[in-house]
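Consider the two complexes below, in which chain A is the common component and chain B and chain C are the respective partners.
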Partner chain A sequence: MKPTPLYGMMAEFDTPTDLVAAAERAHHAGYQKIDAYSPFPIEGLAEAIGFQKNRVPLVTLIGGIVGGLTGYLMQYWISASSYPVNVGGKPYHSWPAFIPVTFELTILFAGISAVLGMLALNGLPMPYHPVFNVPRFAFASKDRFFLIVFSSDPQYNSKATRDFLERLNPRSISEVPS
Partner chain B sequence: MAEAAIALRPPLIEGDKSIAQVTHDVCAPMEARPTALWWVALLISFSFLLLGAAAIAYQISVGVGTWGLNRTVGWAFDITNFVFWIGIGHAGTLISAILFLFRQRWRTSVNRAAEAMTIFAVMCAGIFPVIHTGRPWFAYWMFPYPNTRGSLWVNFRSPLVWDFFAISTYFTVSAMFWFIGMLPDLATIRDRATAKWRRRLAGLFSLGWNGSYRAWQRYEVVYLMLAGLGTPLVISVHTIVSWDFATAVLPGWHATIFPPYFVAGAIFSGMAMVLTLMIIARKLMRLEDYITLRHIDRMCKLVITTSGIVGLAYGTEFFTALYSGSSYEQFVFLNRALGPLFWGYWTMVGCNVFVPQLLWFRRVRAYVPAVFAICILVNVGMWFERFIIIVTSLSRDFIPANWFHYAPTRVEVATLLGSFGLFFTLFLLFCRFIPVIAVAEVKGVLKYGKPRLESAHE
Partner chain C sequence: MSATHMNPADLMAPPVTKTIQQRSLMIGLVFAVIAVAGAFVRPDEFFRGYLLAYMDWLGVTLGSMAILMIRHLTGGGWGVVIRRVLGAAMRCLPLMAFLFVPILFGLPRLYVWARPLDSITDKHLQSHLQEITKSYLSVHGFVIRAAIYLAIWNLLSFLLTKWSREQDQPGARDNSPRFKAVSGPGLILYAFTVSFAAIDWVMSIDPSWISTIYGLLILIGQLLSAMCFAVVVERILARYKPMSVWLRPSFVHDHGKWMLTFVMVWAYFSFSQWLIIWAGNLPEEITWYIRRLHGGWGGVGLLLALFHFAVPFIMLLSRSFKRDIGRLVWLAVGLLVMRWVDLLWIIEPNYSQTLSVTWADFVVSIAVGGIWLWFFFRNLNSLPLLSIYDPDAHEVLEPAHE
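On to the complex of A and B.
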């Protein structure tokens, strides 16, 4: 029988400070494909691993601009072109009156893009993820902190990586089947 | 050592909790059987909900003629209730968005419940204009869609159309904000569930959240984005609600003071409602360590601040009327204070301006029953504020021959009670099935005000 290919090697820590320190050391040791899991956001963790890129703000900005343009142009087309109605002698293109709806649609589109953008960039919804194969990973949403080195990392070697993780003084180490 | 501890800020969460304890304290009451108190509260709320449902079914089948409206007063109880409920919702967004931007970290204990309150309040608010259309099955006509009548579009110069866009945007963004904030906690419920159905359900709604640092980073940014979008949004929503009145030419409505006056009033009434709900929830779910007396104290300070703004607005309205030299404007305000609805006006001033002054005293802010009573009175007062603004201006306008009195019918009162039933039913269900406290956020502030003892790895 062929053994299941490994997804990575996972170490469990007790405190956020331990996790940040471990992530930093793994990053310095040259591991590139690593990930860290925690029950709440930890300041400095992303910097320790070296992940900076975040495209959520850009997606939100684009959503907002599209929303604002949609809102204004829709009102202009409807009120001045498709079916012009004289309301109290106001001009057909009465732009001050179009501002509230333009504003609301800017916010609506920006908000929806921010949320959908975050979900898409995070790959959510995600029905299956190998880390959940480790029974102890259930504590990752409670009070434990996990560091994983993926088997796809060029430096990954089941013996050496395990030794490296041992030296970080974790609570436990587990292999993650994919 | 003792002196060093005094110099620190007092912790936000009491009882020296560990991270695991937070999860347990918030999740355990949801997994246990509901208490008798909860059942009693739910049954009472649900009976009011049924009363409201019966009243709505009746008025839709018979028509809006079952209301006390007449040719002079064409807007009264329904718009009062609409503005009242929308206002209630605004405190939730204040706590979740504005206090987040101001880095008020104490908000973590109350933001989940406050956001829930916003969503339920907007639902209650939405009922009234929809019924008032008379033919609620055509409510979708408010949406500009291509149709076979021309296409005949909505009039974008009307504040009522702006209102439709504002309220629906507000509801959508609030619901997304709430759901995104809940993702990590749903993952917590999923991971600790023993019952299979609970794990399945929480797993479905948590979207497979695993707490990876990349996910957390994007999550924090999207939270900031939504807070930044929610802040101008909440101000715009009540501004637009106030334009429903301010763009009309009626004396007492046609005033530039309306937008800030309405926004302050909304936050005032909403804060009082948040406090009411928090005082109930901390008792029902035994969360006294999380929603502490210091939280209540801070919210009381927001109540008294907004009470001051509202009081100033009442005074400014009278001054503007006097200074305008318009006899119609002057008459409206004299009529409010001394006319047939004088008792409503003085209930409003008493509850909104005089009663909250008690909160200046630290001992009153620390005595929960007193705070609870004051908050109930503030809500009564704020309901009367909208009623007085709407009814007094309409019932006695320019020509005395048109004057007519308005009184609500039993059907209208039953609908209002029904909206309270809906609100509390939803809130009690929320307390049972969703973590009342943002677990992941509270874990992040546990160390607040504590000496940093664990630097063991150095």
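On to the complex of A and C.
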């Protein structure tokens, strides 16, 4: 039977502080493709694995702008071009009256873009993920903290990476089959 | 670093606050002398400027009290780090009660309803005033209600301060349940009293005009003023120990989010009022806006739309901007100036059809501000900068991920 290619090397830690310290050291050691798992959000962890920016805010902003323009132009087209109705002698193009719908559509489009953009960028829903091949990874939703170095990292080398992870004093180290 | 290992002296405000305190007092007194001298020469202009200055600085004071009560209900590190700053601003309430007295001397100059009815030439207004001065807008009623508002605010401030001081003693019992018990009803009381105060003190300048959202508009302005002021003070404190150790980007981020929220709610209320009155277009309502959009006041209105809403809103959308106290503080300063412009735009057009900003608008605002700041820094120095037995104090004292 052909050995399955490795997805990465995973180290298990007991405390969030250990995980953040380990992630920082791995990042400083030059590992770029690393990730960390914990049962709850940890302040500073994202920065520690070198995570800089996510693009969900940008997607949300674009969604909001598109929504605002849609709302305004739709009303302009309805009230001033397609079916003009004289309301209280006000001009057909009465911008104050257009603002509430413009605002609502801005929020609606921004909200939908945020959800869909988040799903598109993080790849969810994801029916299969290799990290679950490690039985101990079940503890990641209880009280253990995991750091993984992906085999796609240019610096990845099964021996050197294992030695490096050993020096971080983890509770266990596992190879993650893909 | 835990609470038990702290030296009380390490928790105090840095010496620089004493310097600012003295300079504020000097500036305040110099301008107060000019203002008082001006009051004898140009009393009308003085009282208008005084009302503007009073409402502006009252906003920082009451807004701080409200944010402090919100913090007592929600908890969180963002609030612990500015809790004592908000508290010191809130404890300027006795000063604000004292500073209310001069307004009583200017009632007929400020409010048309406080003048003798015979002196009013407009018959329509005269008959309207005949009714409302009997029921609500009488000088007696005004004074009694003002005393009640100021008493309620001072009582809330007194209780919150007293328990906060008690909580600083080692081994004292946790006062958090008491804070919560007062803050919930306190916020409701604050909303009602500040609405009534806004109607009495500002809206009644034009007694034939009413807007139901007016009180909330003043209220949200106060919250914005207070959060901007807290950001300015935390910037000054963060140059020195101990605040330089405590203030984290995540707390600044939260303060920036509050600013964004208040800017948006202010815009939402302002626009709602405008939209409803614009859509109705009734003579007794629209006149308020006609005055404020013509004769040069329209430019001020545009200034407000741009720099009280649009520009701050866009800047505050940026995450990195909100986390950087060095940049956020300049927006906070700008918004504090815009709060003053907003109140100017609300108050002054009642007296002048064309754009007019008098000497008193500046001089009295600086005089009251100087004295207020002196009092504020005095308060700030009287208690430690951190309430170390606050249940959330560990968020400030300990590294984030423990």
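We adopt the following convention: the second predicted complex is superposed on the first by the 174 of 178 C-alpha atoms of A that agree within 3 Å, B and C clash if a C-alpha of one lies under 4 Å from a C-alpha of the other, contacts with A are read in each partner's own complex, and residues count from 1 in each chain.
Note that in this section a contact is a pair of C-beta atoms (placed from the backbone, for glycine too) under 8 Å apart; a residue touches a chain by one contact, two chains touch by 3 or more.
All figures in this text were calculated on a predicted structure; none of them were measured in a lab.
Q: One more residue to check, A:Ile42. First (chain B), second (chain C), both or neither?
A: both
Q: Mind working out whether A:Met126 is in touch with chain B, chain C, both or neither, as first, second, both or neither?
A: first
Q: With both complexes superposed on chain A, which partner does A:Ala97 reach: first (chain B), second (chain C), both or neither?
A: both
Q: Once the structures are superposed on A, label A:Val85 by its partner contacts, choosing first (chain B), second (chain C), both or neither.
A: first
Q: Can A:Gly111 be said to touch chain B (first), chain C (second), both, or neither?
A: Only chain B; A:Gly111 stays clear of chain C.
Q: As a test of reading the superposition: which chain, chain B or chain C, is in touch with more residues of chain A?
A: So, of the two partners, B touches more residues of chain A.
Q: Now for A:Glu24: first (chain B), second (chain C), both, or neither, which partner does it touch?
A: Neither chain B nor chain C is touched by A:Glu24.
Q: Applying the touch criterion given at the start, work out whether A:Glu175 contacts chain B, chain C, both or neither, answering first, second, both or neither.
A: neither
Q: Just which bits of chain A does chain B share with chain C as contact spots?
A: The answer is residues 17, 42, 45, 57, 88, 90, 97, 100 of chain A.
Q: Which residues of chain A touch chain C in the complex?
A: For this pair, the touching residues of chain A are 16-17, 20, 42-45, 57, 61, 88, 90, 96-97, 99-100.
Q: Contact residues on chain A for chain B in the complex?
A: Interface residues on chain A, with respect to chain B: 15, 17-18, 21, 23, 35-42, 45-46, 49, 51, 54, 56-57, 60, 74-75, 78-79, 82-83, 85, 87-88, 90, 94, 97-98, 100-101, 103-105, 107-108, 110-112, 114-115, 117-119, 121-122, 124-129, 131-132, 138-143.
Q: Can you name the residues of chain C that touch chain A in the complex?
A: Residues in contact with chain A: 250, 271, 274-275, 278-279, 281, 317, 319, 399-402.
Q: Provide the residue numbers of chain B that touch chain A in the complex, in ascending order.
A: My answer: residues 18-20, 23, 144, 150-157, 159, 161-162, 165-166, 168-169, 172-173, 176-177, 180, 183-184, 187-188, 190-192, 207-222, 225-226, 229-230, 232-233, 236, 240, 243, 440-441, 443-444, 454-457.
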